[in-house]
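Next, two complexes with chain A in common: one pairs it with chain B, the other with chain C.
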Partner chain A sequence: MTTRGRCWTFGDNIPTDRLVKTKYVVEPMEVIVQHVLEDLNPRFPLEVAAGDVVVAGKHFGQSSGRAIAVKALRATGIGAVVAETFARTFYRNAFEVGLPVLELPGVTGLVSDGDVLSVDVAAGHFRNETTGVERQVLPPDAFLLDMLEAGGLIALARSRPELFEDRGAQR
Partner chain B sequence: MGRTFAQKALERASGEKDLVPGQIVDAFPDLYMSHTASWRCIRTLERMGWPELYDVDRIAMVMDHIAPADNAKTAGYHALCRDFAQRSGVRKFFDVNAGIAHVVLMERGLVKPGEVIIGTDSHSTIYGALGAFGTGVGFSEITATWVTGKLWMKVPESIRVEVDGPLARGTYAKDVMLRLIGDIGADGATYCSVEFHGSYVEAMSVSERMTLCNLAMEMGAKNAFVPPDATTRAYLDEAGADPASYEVLLPDPDAEYRQVERVDGRSLVAQVAVPHTVDNVVPVTEVAGTKVDQVFIGSCANAKYDDLAIAADVLAGKTVAPGVRLIVTPASSRIMAKAASDGIVSTLLAAGATITNPGCGACAGVGGAMADGEVTFSTANRNFQGRMGSYHSRIYLGSPATAAATAVRGVISDPQELLA
Partner chain C sequence: MNMVEKILARASGRRSVEPGDVVVAEVDLLIMHDLSGYLTSRVFDKQVGGEVRYPERVAMVFDHHFSPPTEDAAAMLQANREWARRTGTHLLDCGNGNIHHAVVQRGLVRPGGIVVGSDSHTPVHGAIGAFAVALGNDSHAGTVLPHGKAWFRVPETVRVELVGTPPPGTTARDVALWLVGRIGEGGLIYAAVEFAGPYVKELGFWDRWLFPLLCVDLGAKCSFVEPDEVTEAFVAGLPAGAADRYERSDGGEASTVLRFDVGEVAPQVACPPTVGNLADVPDVAGRPVQWAELGGHAGGRLEDFRAAAAVLRGRRVHPGVRFNLVPSSRAVFTRALQEGLVLALHEAGATWFPPSTGSNQAYNMGAMAAGEAMISTHARNFPGRNGSPESSMYLAAAPTVAASAVTGTITDARELR
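Showing the complex of A and B:
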């Protein structure tokens, strides 16, 4: 779960409406992905490359719980999102669809747009290769890391059905 | 140590004891709501190879976001959902005529105190108005829950909000919430359970409680809660919920809260969220006189019966200002029927309103779009840039009374000036 790539910076309180506008929600992913975050940085959907890292301020992914916003961000090929904090629905949806995310307080002060970053979500490790700054935080819960490793909730349910076998316990 | 509502609700749904904030548990929700996004759940189920469903009676589907269908593609999505409901025996299926999912399920007795309810909609926090634990999740999570019956949940910390009343004239639940969101910010309650208490909350109708719990999402809440009381029971009885089918869960008096927030309703003035964030809140006096092109009275926050009645009170015998479009979208067909039989619909029509079919309407981007440079005053819960048409348009948020007063004057106005 490590990635290395260009840093794309965004601000505080970015709503999912900004990631995928309502008018694109029902479009196929190959259309949606061409418009991700375009209002905030028109170059992002055009130039983002596999392994790049999105760095944001507090409460990233607020507002609508549309999971399609996380799917679209993952479809751009980015390797991770690192933010000061995440909105709850975005954070859940990230694990659900298999997009590595890391909460790192203070991260916006550690990067400039265009820096090269290395992030290991499973280890909770962050390094700005351009400046040499490193940080270590607690990684996400092991159960959530399992979900990420599998590629999301549905993939986990298919690859490890035993995790879901006690159905009926509460019926 | 006493326990909060959230601790008790997740203990009930997980079968575990003595849960503490931060702990992750497997909860077995009582109801899984999916709206127009149900088609994504069905496609995901298909990818899983159509496994057996855990309990089809816990599935609720409401076609509210794009209703009726606006093109062949969305019509196809609706058809997929209808087909699935028919084949799988989903009895809690509500078609494009019903209205906004949250309101439809609550008014039909399908949301009950103490239950854990998940929905493919961030405003699922609204179920707290009836003492349930409602929270938004993604569509794959709904699909997984269809199959396994369970979902991971982190036990949240709780925030206690005390609202004292009665509210000042011309102010409503919406003003209370905008003030609170303005005070603590769009991320002020992130991941928290928000409990509403105090003399004003106790005196509120269920509809007003819906407005509180709905808007709690706009400060990042995981769920919201109003303690069920005689008002709740009367609502549930009328909705047809059997009292033997639910258990009221109340927080202990010595429960532990991360913080306590107070709103003094007696000194409140009408509040407005100005572009382009919900926590950018000012008293109406600061933006009074701002010209608008459109007024939207709709959404799960403020298009319930009493919201329409308040708007009609302000608009009775008056007309919408020249050049202004007033769009009214009742939250549900039942609300629309009652408003029609009580004369509210004709009052609004006489004033010059466009009344649309019940549903999410303009709040979900269907109808009511703005051109470049236009301004809408809306009773909905979000004002992000570009949410209603042009990226170069602006949305202000406020109560139905402020919206109606603004429609009459053509500029943002304090409703106090128009209330009889």
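Showing the complex of A and C:
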């Protein structure tokens, strides 16, 4: 699950409203993807390439829990998002739609916009190929990695429905 | 175990759970508004298919549109209506109010249950003693609709204890905003936040409501106030009547306890670009506003209209300001009529709108041109949510909003002459 590509840096507390503006949420993905993060970096939707890595600060993807924000980011072709911390709705949505994300405290001090990075989320491994800096963190929970492996939650529920069958819950 | 852990254990068929466990639990209520309902139902129909397992546990609320302004919006609402009819889910159509207020007033949220929704402020239902979490559309389409279940990681609990009595003129909304500044946006990521302490205990239900509401800004997963006699009295007055079950802590300790003295909190304003960018009102007084609004998840309460009527008694809305009043539910509008607030605020120059979520995201009202500013009780102030990214949204309590509507600039209600 390794991706390698150009690093695009963003700041702290980026809301999903700025990933996909409300006026685009019900547009077709071909339209939405042309506007991802455009207010914060107009070059991003125009120049982002398959395998690129978004690096952000604290609490990335806060605000609305719209899964469309994560789906749009995935649709740009990026290989991973690495952030100091994530908003939990964004983090959850990322695994549920199959976008690899890695929480790496201190990452904003390890990169400059345009560096070449390689990231292996399943292994918790990060490397800045431009500077040679490497970091190793604990990989995400196995249940989350199962979801990524399956291609998202809907695919996981289809291939392993027993996970979501009755287990004697009391209502 | 505490309230959250007990609910998750019961709903996942376990004797007990601990923070860090991943469980699959039975969901009691899924709430979706007009936009998330549209996206989720499409994902469900296209990628999952089959029957909705428990349609009586699903509610769609049209709160971003009190009436569709375009043909596209009308078509979206019509598709949602058709889906709700076909699947048998609850539908609260245009005019029922803000999603969270409307489902509470309808009696659909029950203490001790699990509530999920796409709206990021869904954790507000912790105010009523539910475990309430915002999930993404794929959880709803992939597991909640077809199986009635969702996966959860059991969160660590952080108890926020509030002590002291704020000075006159400082409301619960001011204290809640101030806390976002003190704890910091993203300061409690993944936590279950319990609001406790003598200050919280003495608040009425709709003032307590403002605290679990803000947990999303702290990055928390969910939030709650331990159910007590205030909760029980409130629930007993809802259409579904008194609850037969509450989950309460049996003494399990929170992993972290944060204590704050609210005794010197001044009225607050959250300035753009984020909710955590707080100032005491006197420090930002004088900035011009062209719009003021009582509405949204954090406003449109009876308490807000009463506060505004008190500020506007003997005064008028400034000619350069449009002051929007958006009841959070039909029940609130009924009470506002009965108390004479509707006439008083209308005659003072404010404009009533139908029960809805008002200018939240500017779906059918509340867009601003570049350079315009609004002060409101809304929950969000990110640039671009209300029209131009060059417009400004300030978040405050109802007295500050009303006082600013009178003068046309951000105004401390305590200083109004």
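Note that the second predicted complex is superposed on the first by the 163 of 171 C-alpha atoms of A that agree within 3 Å, B and C clash if a C-alpha of one lies under 4 Å from a C-alpha of the other, contacts with A are read in each partner's own complex, and residues count from 1 in each chain.
Everything below uses one rule, namely that a residue touches a chain if its C-beta (ideal position, glycine included) is under 8 Å from a C-beta of that chain, and two chains touch if they have at least 3 such contacts.
Everything numeric in this text was worked out from a predicted model, so none of it was measured.
**Student:** Evaluate whether chain B and chain C can sit on chain A together after superposition, giving fit or clash.
**Tutor:** Superposition result for chain B and chain C: clash.
**Student:** A:A50 contacts which: chain B (first), chain C (second), both, neither?
**Tutor:** Once the two structures are laid over each other on A, A:A50 reaches no partner at all.
**Student:** A:V31 in the overlay: touching chain B, chain C, both, or neither? Say first, second, both or neither.
**Tutor:** In the superposed model, A:V31 contacts neither chain B nor chain C.
**Student:** Classify the contacts of A:G65 with the two partner chains as first (chain B alone), second (chain C alone), both, or neither.
**Tutor:** So A:G65 meets both chain B and chain C here.
**Student:** Just checking: does A:N93 make contact with chain B only, chain C only, both, or neither of them? Give me first, second, both or neither.
**Tutor:** The answer is both, since A:N93 touches chain B and chain C.
**Student:** Which chain A residues are contacted by chain C in one complex and by chain B in the other?
**Tutor:** 13, 15, 17-18, 21-22, 26, 39, 58-59, 62-68, 70, 85, 87-89, 92-93, 96-97, 141, 143, 152-154, 157-158, 164, 167-171
**Student:** Taking the touch rule as given, give the residues of chain A at its contact with chain C in the complex, in rising order.
**Tutor:** 12-13, 15, 17-18, 21-22, 25-26, 39, 58-59, 62-68, 70, 85-89, 92-93, 96-97, 141, 143, 152-154, 156-158, 161, 163-165, 167-171
**Student:** What part of chain A is in contact with chain B in the complex they form?
**Tutor:** Within the complex, chain A touches chain B at residues 13, 15, 17-18, 21-23, 26, 39, 58-59, 62-68, 70, 85, 87-89, 92-93, 96-97, 141, 143, 152-154, 157-158, 164, 167-171.
**Student:** Please output the residues of chain B touching chain A within their complex, sorted ascending.
**Tutor:** 13, 15, 24, 28, 37, 40, 44, 47-48, 54-55, 66, 73-74, 77, 120-122, 136-141, 143-144, 147-150, 152, 186-187, 190-191, 220, 222, 277, 364-365, 382, 384-387, 391
**Student:** Can you name the residues of chain C that touch chain A in the complex?
**Tutor:** Chain C residues touching chain A: 10-13, 22, 24-26, 28, 35-36, 38-39, 43, 47-48, 76, 118-120, 134-139, 141-143, 146-147, 149, 151, 153, 185-186, 189-190, 216-217, 219-221, 274, 276, 361-363, 380, 382-385, 389.
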